[in-house]
Amino acid sequence: MTMLFLLLCPLAVALFLLVFKSRFAREIALSASVAELLASLYLAWGFDSQGGVQFAINQAWIPSLGINFSVGVDGISLLLVLLTTVLTPFIILSSFSMSNSRPSSFYGLILLMQMALVGVFVARDGFLFYLFWEIALLPIWFISLIWGGEGRRRITLKFFIYTLTGSLFMLVGLVYLYLQTPGQHSFELEAIYAAGQSLPAMEQGLLFWALFVAFAIKMPIFPFHTWQPDTYVVAPAQGTMLLSGIMLKMGIFGVIRWLIPVVPLGVQEWSHVAIILSVIGIIYASGIAIVQNDFKRLIAYSSIAHVGLIAAGLMTLSQAGMQGAVIQMLSHGILVFSLFYIAEIFFERTGSRVLSGLGGIRNAAPVLSSVFIIVMLGSVALPFTSGFVGEFLLLKALVQYQFATGAIAALTIILGAVYMLRAFQKSMSGELNSNTNDFYDLTTREKVILFPMVVLIIGIGVHPTPLLEISGAAVDNILSVMANYSASTN
Amino acid sequence: MVGLDILISLIPGLPLLGFLMVSLFNKHLSHAMAAGIACGSVLVSFALSVLTFSQLLSLPVEQRSFHVLLSEWISTGNISANISFLIDPLSAIMLLVITGVGLVIHVYSVGYMHGDPGFNKFFSYMNLFVFFMLLLVMGSNYLLMFVGWEGVGLCSYLLIGFWFRNDAYNLAANKAFIMNRIGDLGLLLGVILIFIHTGSFEYADVFAGIPGMDGGIITLIAILLFIGATGKSAQIPLYTWLPDAMAGPTPVSALIHAATMVTAGVYMVVRNNLLYSLAPFALEIILVIGLATALFAATIALTQNDIKKVLAYSTVSQLGLMFVALGLGAFSSGIFHMVTHAFFKALLFLGAGSIIHALHGEQDIRQMGGLKKFLPLTHLTFFIAVLAISGIPPFAGFFSKDEILAHAFAHQPLVWGLAMLSSLLTVFYMFRLYFLTFYGQARASAQKMQAIHESPGNMTIPLIILAVLSVTGGFLNVPEILGGSAWLHQFLEPVTGASHAAVTVHPLSHATEYVLMGIVVAFSAVVIYFAYQIYMVKKSIPAAEGAPSGALQNLVYNKYYVDEFYQMIISRPLHWISEKLDVVVERLGIDRLVNSTGVTVVEGSKVLRLLQYGSIGVYIFVMVVSVVVLLALSLIN
Amino acid sequence: MQTTAGIPMDYYIWLSAILFTIGVLGVLYRRNAIIIFMCIELMLNPVNLLMVAFSNCLRDVNGQVFVFFIMAVAAAEVAVGLAILVLIYRNAHTTDINFLNRLKW
Amino acid sequence: MNAIYIISGLGFLALLAEVVNLKKWLAPVIYIGLLAALAMLSRDWNNPAYYFGDMLFIDNTSVLFTALIIVISVFWFWMSGEYFREQPHQTDRSALILFVVLGAMIMVSYNNMTTLFLGIEILSLSLYTLAGSKKESLLSNEASFKYFLMGAFATGFLLMGIALIYGATASFNITEIAGYLASGNLTLPAFFYTGMFLVLVGLAFKMSAVPFHFWAPDVYEGSPVAITAFMSTVVKIAAVAAFYKMFSFCFGSLQSSWIPALQVIAVLTLIVPNITAVVQKNTRRMLAYSSVGQVGYILLAIIAGNAASSGAILYYLAAYCFASIAAFSVLQKVEENHGFRGLAKRNPLLALVMTIALLSLAGIPPLPGFFGKYLVLSQALQSGYTGLVIVAVIASLISVYYYFMVILAMYTEEQEGVKFPISLSYKVLIVTVLLITVLAGLFPEQLIGLLA
Amino acid sequence: MSLYIFYFLSFVAVLSALMVVFSRNPVHSVLYLIITFFAIAGHYVLLNAEFLAVVHVIVYAGAIMVLFLYVIMLLNLNEAMEPHKSALLKASAIICAGLLMIVFVGALKGSALIAQPVSSGGDDIGSVKSLGSVMFTDFLLPFEISSVLLLVAMVGAVMLGKSEKKSEAE
């Protein structure tokens, strides 16, 4: 029931808002997202971290094509659902100060997006997964298009087509797997696993690429990332938050759920390439972030770097790597949301996100400054912040995988510090200038948004164990698939 | 009676609490209350440290270790890191130094920071620093040490950039953080490797596992950890942040950049003495780098005119000396020097702070002089500190430095020679500083001289306390030949003893030791005389900025252009590469490639649409051709 | 195989092919819409001929019946086609097919 | 079968309405007639039978295609009602349209070359006139003329093909021909294959498959918009159904000989129009190219030649037709009101409907266009045509570009011009089409299952 | 004997067909086309399809070509108004048609009929009687729909041909 509510509540409210334009759109949307949050917390409450898939619903949908409405959560799904439901109310809240000529559509699209994101994370049917995956693309595209900034037409179109390219290859891959399922074909997760695992190495390798490219584009991993910085910059703040905070996790989640256990041989064969690309991406994106002057663009590149580390760690196929990836997904979601919100606050106050035009904000806004420092520390993975736990686990996995790779990837802790400190210094320190003269400190609403994030950043950093426990069983499951598989082939 | 576990947990817990209270209620607390909370928390911490220390002492030697498990931190799969504390002789000594010196400096700061708008913030940061520093030394595992390690770096960053309106200070803060991070990278990799090869982060488990490890790995780990140390303890090549870090308020320089944080590297190496003892190559590296740093920094200090810069380079140099000790395998000597150095260097900085305070921010020694009569107490304590750092018996520095030199001689006379050279240079520049500051003509502007005054009590009392410690600190470890019992050495034995199996410290004959002592003292006296001749008799004043000077002097004055060198080989290329990555690779390369697929389609579209020529003749023509082709294809089939 | 008149079936096929090709040639060669239209009629005739020949050859009446329908269609097409041509001529005063090229690209 | 009687009767009625001056009653009569035809169709469901000797064969497949044609026609009349009323020759046009429907119905149920040929001609001749029905417009004239001339030319090839096949098999009856070909113990004369390929050309022309598609963009652009809508839906269904029946059923046993050619045609049909559409500024012309491009996917299903192909084709056509009807309904209103720029502000409902329609055409889930493409591609993949599938995927990516350009124009550009109202009936129409589209996307099983 | 008649008729048909294509005057084209039709009618006679031959002459020569001629004269087309294609286009048209011919040659050469007669119509398959019986039994439906076809053509032609002013006045 809760599962259905999680999917239907935002959908229903979204449709309501899209069809009947309401004057209280934002209040309605906020309530819906809070209800969603409560529902997901209820889910977490009843979740048994030792159990397998829970709250499952499996209903035939298109039986002739072997497609079922099959949803359920395991630990990893649950955490990502929580990330989605936690961030969405804050994203909605963050938009309250936005001048918006079509609020009803805006919030409708955000809720639609939430539905799709939750759907992606809970789907246990290949087709359903693809469906939600694609549906998620539409609202965000419209949000970026309609409420976006300069150059949005070209950029959002590129974004859409680029990500669609990947998705279509994924679809081809999924259909191929579907056709390999024995008897009456099925998209059921287990069936797809069985089908993929029974394929010879060569085909698994090809399938790896068909699926991986989709995920790599979504994350994005170097060199499939060029849609991302432009899109982040041009999208409205809430769009960017959705994109970076939650949506890019779809790609990582895809790798965990729909790639590694599906084609274990293919993954084993090609994970090295994926790791190399990811590690290049870390250094490359960090390097570019260093010279960015637009704060949003800087965050965008930093996000590529972070995601590169996640992907690299994940591809080591180790317990630490996978756990690190999961926890880092949550952490990154929170951090990047906060960063983009801070960027938005700059923009609202000064009309600019250009770092060289800011400065001295610390004088005027000590609370914001403190929050920024904490978020920044999380971003550079200082211990006792959420960023550290994941990054440490990921680096551990990478070092274990290969020392040199790990060492290169670990450069991120230096480069990350370089660009984040630079951003902080340029925007916050120094004397106030003509742009920032009228800067004022956080309003109550902004505090309501940012303080919980700060609490989460430090909370997860100091006590990550509950989260790690939730995902532990699921991660072990996936790893045992790999282990069984390599045991049976050897 | 509360359990000792809880008391131990409170040692770092209280400063954390202080930090939280002061920072969360920043606006609502008066300066006095904030100062009270901050100093009070450190005071209680200190008291608890003393209590813990006494508890430790009351136990037999082999049981002197408390392990307190506070909670689980990261736990997944086979990875398990706890928040747990280890109190053993080494951490107990560190506790005392940190909370003790920390307390003194907290009190001093109340006076020094008086009236600063960021007063509360300052104390919250200071408390946070104490918390992290305590975590660093108390943590019972590598990961917790790393937490403290990074945490103190953070506080250092926050406090260097404390006066954030000044962009130069901010840049200094960034530089400190980033250079520390370079070191941290090494440390982190080392820690990860340790875990991978021993399966645990806990010191106890790791030390048990180390002997079974491959020698190459041990050396690699040792070097990686030492990279961490070079960052935090400002050794070549990562030392340049420390002089810049003097941008922070002077108490910060005293606490963080002289007494405690920068010695974390020393602590870490001593903590891992077993590991290092099994990696002789790493020890060699430490020795060489320590020696080089000691000499290099000392020469720079000779020419500096900023009072804090001189002290900063002196710190670098002294830290180098400590690493020389570590490199020689004389771990307890390193700790000994660290302790005494904490006393007299903190005193020097606080004294300098007092001077700066008195002169309203003036830091250039060329603008000082003749301050003896205006600041008598400061002068006296400063003089004690100068004597201590110069190794004049019976001040603290004499004992600790002498021990290191003795070990050096035993290892290799050349090492001894170089180490002694550096310590003689130290003597020279310290006396140069001392003479230029307190004697001769008052060169400060009249305006500044008018308002000059001795610092208030809450600043001078700390000076006195530290002065006493600088005088007596050496008696902690009076060597046997001077009739002492080398108490500290004995006390640390449970910790450092682990390395004895692998590292043999050659004992020197008593005669040799006496001779060495004599030589050092004699030479020091000569150097003092020279300094006296130059600065008291000839009354020479360092040249003003831009005055012509010899190439060598220029080189040294400009710190060997190391900053510029780094700028040239790291910073600028990094920027250049980043710029090129952004503009060339990203926009003209990858993105262009992506866009070009789109452009190709659009261009293709422009071409293909011409096919739709509009004229029926053409359409039919193409149709017929298609039919022909189709039929021809069918024929071929 | 031969027709009842003793002429080999191949001959009719060849003849039809030639006439059909001439029709196609006319469509390609001329620009006057009416002539082109006539040439299309010229293409239909060999089809008729072929049908009849096959019908004869196969002794199957269906082929001839089909020819009636082709004729009916041809007549209907001519009616509509010429109506369109007249309409265009009324608006454009030309029957040149190349003149009608506003719709393109 | 009765449906065919009803539709032809309706056609005559429409002509009579002019004579007896009952024009006002015409529209309701047509609706009732179409619905009655639809009801009659249900009697043929699960009741395959030959009619008129063996001229027609009505089985479930043809029933569904017919039903689709009639349903689309209902919506078409609804959509074009207002436009029609303002034009002369209302009854003539209605009659011609009904005859097109008749031709289309014959084309989906034919069992004999003769019926096929006559069905095609009834349909084509009506369309030639309808395309030119905006008589004063030179563009309309041109469209009509191009369509006519090329159509007649293509008919020549079709007939030549039929004649050659007749010569080789001595029959016009496709069931007989199929049986004859399937018997397999004979060697066919070479000219049979020529005939088959000429038939392919003739039918491909009607379907507007590349390279026989040249008429389509020009005719779609020049004709009155309602007629374009009709051509791109009903006519396409009929052409596709005829092609499918001819090649999958009649020539099914000779797959190996026509599949290579069809593959080439499919690839061209996927690539050429989709690329060409990219730079189109005129939305109607863009939709024309898109409609040509959509045929490529259907060809893919025909090539795949699975048991499930007919279901896939039917679903694809239904999805495509509903989206097209929606798109053209909007287009019709928008062309009268300053184009698509800034439509979202001027009439959000139309913008929404257009967006959904375009998304469906582009194959974005969960809209039916996606399921259509999915079915087609999965079948092609199942039959091992991976290369073709990849071409189709690339083509559909390209198509996203030009569909989305319209959406961009609607949502991001500003256009001077006031909001414009649309009638209630029109609103109901487009909302209905929208709902059908969305529901068909959410519950595809029901439609796919019909032919399973 | 009939072979010679075949050759003669074929020669006439091909030659006049070519003249249709190549004569400059539209009226001449029409006349040549009529000759072609007559030649083909001759073929029908040769093939025992006398009824068809008669119908052919009536429909094509009598109705269709008259219509053509009527339109040409209505539009007053003559040699002077005849648009000309460039030599290049003409050449390419000829080459293209030549290619089509070659393909046909390739496809049709050596073809032998395999199919056996399905309905044994005997020698009188071309007679009115046999045609009629088939037309109104087997081909009843096509016969009926061709009425629709003609109706469509009629309605269409009228609709297009009607003067617009009149319709506006309605």
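Chains here go by letter, A, B, C, D and E, matching the order in which they are written, and residues are numbered from 1 within each.
Heads up, the rule we're going with is that contacts are C-beta pairs under 8 Å (C-beta built on N, C-alpha and C of every residue); 3 or more make two chains touch, one makes a residue touch a chain.
Source: prediction; values computed, not measured.
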Contacts common to chain B and chain C (chain labels): D, E
Any chain that touches chain D and chain B: A, C, E
Chain centroid nearest the full-protein CA centroid: A
Most widely separated chain from chain C, with each centre as the mean of CA atoms: B
Leading chain pair when contacts are tallied as C-beta pairs: C-E
Most remote chain, CA-based centroid, reference being chain E: B
Averaged-CA centre spacing for the pair chain D and chain A, given as whole angstrom: 42
Interchain centroid distance [CA atoms averaged], chain A/chain C, Å: 66
Rounded Å distance, chain A centre to chain E centre (Cα mean): 70
Distance between the centres, which are taken as Cα means, of chain D and chain C, whole angstrom: 27
Contacts with two or more other chains, residues of chain D listed in rising order: 114, 118, 121, 125, 128-129, 132, 135-136, 144-146, 149, 153, 167, 170-171, 190-191, 193-194, 217-218, 401
Sites on chain E at which at least two other chains make contact: 85, 93, 96-97, 100, 104, 107-108, 111-113, 115, 117-118, 138-139, 142, 146, 149, 152-153, 156-158, 160
For chain B, residues that touch 2 or more chains besides their own: 598, 609, 612, 614, 616-617, 620-621, 624, 627, 631, 634-635
Pairs of chains found to touch, sorted by chain label: A-B, A-D, B-C, B-D, B-E, C-D, C-E, D-E
Chain E to chain D touching residues, read off their complex: 104, 107-118, 137-142, 145-146, 148-149, 151-153, 155-160, 162, 164, 167-168, 170
Residue numbers on chain D that touch chain E, as the complex places them: 8, 11, 15, 51-53, 55-56, 88-89, 92-93, 95-96, 99, 102, 106, 112, 114-115, 118-119, 121-122, 125-126, 128-129, 132-133, 135-136, 144, 167-171, 176, 180, 186-191, 193-194
Contacting residues of chain C [partner chain E, same complex]: 1, 3-7, 9-15, 17-26, 28-32, 34-35, 37-39, 41-42, 45-46, 48-49, 52-53, 55-62, 64-65, 67-69, 71-80, 82-87, 89, 94-96, 98
Chain D partner contacts - residues on chain A that touch it in the complex: 61-65, 130-131, 134-135, 137-138, 142, 145-146, 152-153, 157, 160-161, 164-165, 168-169, 171-172, 175-176, 178-179
Residues of chain D defined as touching chain A within the complex: 344, 359, 364-366, 370, 374-375, 377-378, 381-382, 389-390, 393, 396-397, 400-401, 404-405, 407-408, 411-412, 444-445, 448-449, 452
